[in-house]
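Next up is a structure, given as structure tokens.
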Amino acid sequence: MEANKKSIITAADFVRIADKEKKKEDIVRPGMSYWANVLRKMVTNKIAVICFIYTMIIIGFAILAPILSPYNYDTTALTEGNLSPNSTHWFGTDTVGRDLWTRVWVGARVSLLIGLFGSIVPEIVGILVGGIAGYFGGWVDMVIMRIIDVGICIPSLVYVTMLMLFMGAGPVTIILALALTGWMGSARSVRGRIMQFKNREFVLASRALGGSPFRLIFKDILPNIMGQIVVGITSGIPQAIFMEAYLSFIGMGVQSPMTSWGQLSQTGVNVFRIYPYQLYIPSIIISLTILVFYIFGNCLRDALDPKLGN
Amino acid sequence: MEERLLTVNDLKVSFRTYAGEVQAVRGISFYLNKGETLAVVGESGCGKSVSMQSVMRLLPDKYAMVKSGSVTFKEENILSKTDKEMEHYRGNELAMIFQDSMTALNPTMRVGRQMSEGIRKHRKMSPGEAKKLAVEMLGEVGLPNPEQLFYRYPHTLSGGQRQRVMIAMAISLKPGILFADEPTTALDVTMQAQILDIMNELKDHTDMAIILITHDLGVVARMADRIAVMYAGQIVETGTARQIFYEPKHPYTWGLLGAMPDMKQARSTKMYSIPGNPPDLFAPPPGCTFASRCAYCMKACVKESPAGMKVSEGHLANCWLLDERSPVTRPPEGVIPAPSADGLDMSGEWEGFT
Amino acid sequence: MRKYILRRLIISVITIWLIATASFFLVHALPGNPITVNSGKILSEETRERLTTYYGLDKPLWEQYLTYLKNLLHGDFGYSYKYPGQSVNGIIAKTFPISAQLGLQAYLLSIPLGFLFGIIAARKRGKAADYVLVAFSALGVSVPVFILAALLQMVFAVKLKWFPVSLWKSFYHTILPTITLALGSIAGRTRSMRTLMLEIINEDYIKTAKAKGLSNFKIVWSHQIRNAIIPMIPMMGLELVGMLMGSFVVEQIFAIPGIGSYFVTSIQSLDYTMVLGLTVFFGIFVVTANFVVDIIYGLVDPRIRVTK
């Protein structure tokens, strides 16, 4: 192969140069820490940002709207029943004249809180149980795994029903039922990860250096499963909101006069043929919220994956 | 008698990524003759797998672009073929085996069927005939009970057995070239030896040419007729096995040879390793890519990239040290094996030279 | 393989036993006497005694428990407290076939469609078809079933009058509810299948298949789809639960006299035994279905079927 272009080298160039004169060609792109990378990926993802903004808006309304509204969620005014949305009642009124705008946002508080706790509680339980199983291993692990195997076969409806009969229906019951059914999934994965890590070199090294078990758990293992935990919680939220809506709809969830999005849907369905807006409004908000959390959860999962898009 | 089978000229392949274009292969040229074994050596990430997969056009067009260059196989221009046309070559005249035999075989399909489907694609055979051929091939690679093995699933076989299955699958139709991408890296030393023996035997029977991609110089010593040393997407030195092992000219080659642990070394000798890291292929430097890690780097090296300088017949190296203007340089201690009494060194580890 | 089946069997049996036991003790732990709670009127001493013997409530608890278990083994779920004389079994016999038909239709509809959409979305990745299908699957998973049901009913039955609004009189009546019930599953399956197909395409054995010169069609069919369907099978068990829950709502909205709507009404009217009896029934149903799915999975995945 002959160089067609003229060489720019002269005889004088054939002298050795010391290391420090060369530009070190180490990998050029600045490495970011794992979490900084995650943040960057999320922030640059337009869809994730939109979801985040939506969530903030909903939370904002949930907190402020009932406070700022001239109506109470439970004051009835039978003469003003079933009004379509207008300038005084932005979302209209329901059959007994309660302002729907206020009810929707009060309901939002309930639904969102159930959504939040309904995913955090099972996740925490799951982590604890899974952590214990993974860390101690042996027969502790075996017993716990058998419990999980059995528990996972029991449909959540069974738990909910039983709890409901026992404690009455309501948000606490829902959260408890979710906790009873939801912990098993995350327990399994946390246990799996811990068992993987238990035998990894860096853990052995840390132990060899005399690290206490607590230190081990918090500094070495936890950061690694944090991603999993976050994903678990964010995908748990839409599930919990859905559960609440569903249960309230069939009468096993939030009971009147307390309201939630599911409750509103239930009353809405009854008058759907005549006053469709009473179902449309809560439906759209529920669906949109679940959708947003679902998409956000997906974006988050992609962002947490170290193999994607660094 | 040499018959040119494959000629690759100035092949450049880049990947499109979110962050920009990664120049994985930056202008490599080599050739392969019938019945030859060419070993392509280099670190992980130097582009050896990518270049060979590009020759077989295995990389999806969405991500990998061949930017320029030519690939000629048996007088045909491979790069201009459509994907459909390439189907005729793959598995038939050009075959490839991969490193990890566990993941390279479909875990839910019986081994025999995986072989037959390839066979029947290229030859009009009934399932029975294809099975016969497959069983025969399984026997060829030294697998016991091939009739029975035909019906087994990959996860029921050992690593060595799986790798043999892969070889049997690849050579069933007597391809002209077998690309072996790190075929023994995942195996232990005894299995490694067996697999390499099988490959050599097959070569003797069938005149098949082999391109062996590896980072293990021991394997190279055992198998290679010719060697191409790759670094950061370029071939920095190429020549016959003897030339490369006994007369290496590129500092990177010296590094590779020197880094091989030598059983005869004194315990206290430090292991030699090449300092630094491979360059970022998003923006390769203008000069010699190895400059930043080279102990013999000169001003010229940073300014301009050296092109293939001829050392002797068939021996090329990209290095300014070969330019007449550069000072005479000798490779460091321990890189070139000391010659034995009869002038030809046949040190114990390096068998296979003829 | 045999060990695998045995293990699943034991777990299933234990689960059923647990469900039954828990519900038994729950009924009996409820405050108040179930008879008086449910009858709503003042009972004479005589009536109360007769009802007590009828329901076996005069026996010691553990004996009641054993009787309960024995009955269960014979498939007897006991009697409704709300409607004395009506057995839970009777209700199940009357309503289960209807629900079963609805469920089966929806299931059979969702399986091929879900797979098909998932495959199409994966093959046409990044193009219009993919976006549409992904959006569809996202919505299908997010919009709760009851909203979907109400909506579809309104649009297709009331406004467009393509389908009857409710009841279960002819096959034609079953179409709209079936589609409603199936949509959620289709959406979920589309998403999973698409994800799997896209993951598999990066696997090494696909590269090997390509290196053998197989046509694209063959690679997708024999290697991708085949390996994508296998991990989807265990998911089908969970799906069944979802479909079960969905059916309750669909039956209510379309006024279908199935076991689900019975379940809901008995909750609303606090008919404890009915609720529990039905819950246990559902529990058993789900556990059995899961068991069957596990066996199918064990048969289909060679890694479980054939181990050294």
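Observations
Letters A, B and C mark the chains as written, and numbering starts fresh at 1 in each.
By our rule, a residue touches a chain if its C-beta (ideal position, glycine included) is under 8 Å from a C-beta of that chain, and two chains touch if they have at least 3 such contacts.
Keep in mind it's a predicted model, so treat the numbers as computed, not measured.
Located most centrally within the structure is A, per distance between chain CA means and the overall CA mean. Centroid analysis (C-alpha atoms only) places C farthest from subunit B. More C-beta pairs touch across one of A-C and B-C than the other; that pair is A-C. With centres set at the average Cα position, the gap from subunit A to subunit B is 47 Å.
Separating the centre of subunit A from that of subunit C, both taken as means of CA atoms, is a distance of 25 Å.
We define each chain's centre as the mean of its Cα atoms; on that basis subunit B and subunit C are separated by 55 Å. The residues of subunit A lying in touch with subunit C in their complex are 146, 149-150, 153-158, 161-162, 164-166, 238, 242, 245-246, 249-252, 265, 269, 272-273, 276, 279, 283, 286-287, 290-291, 294-295. Of all the residues in subunit C, the ones that touch subunit A in their complex are 11-12, 14-15, 18-19, 22-23, 26-27, 29-30, 138-139, 141-147, 150-151, 154, 158, 241, 244-245, 248-249, 252-253, 264, 267-268, 272, 275-276, 279-280, 282-283, 286-287, 290.
Put simply, subunit B touches subunit A in their complex at residues 18-19, 29, 276-277, 279-280, 282-283, 285, 289, 291-293, 296-300, 302-304, 307-308, 320, 323, 325-327. On the subunit B side of its complex with subunit C, the touching residues are 56, 58, 83-84, 86-92, 95-96, 98, 100, 103-110, 117-118, 121-122, 152-153, 155-156, 166, 169.
Of all residues in subunit A, those touching subunit B in their complex are 1-3, 7-9, 11-17, 22-29, 309.
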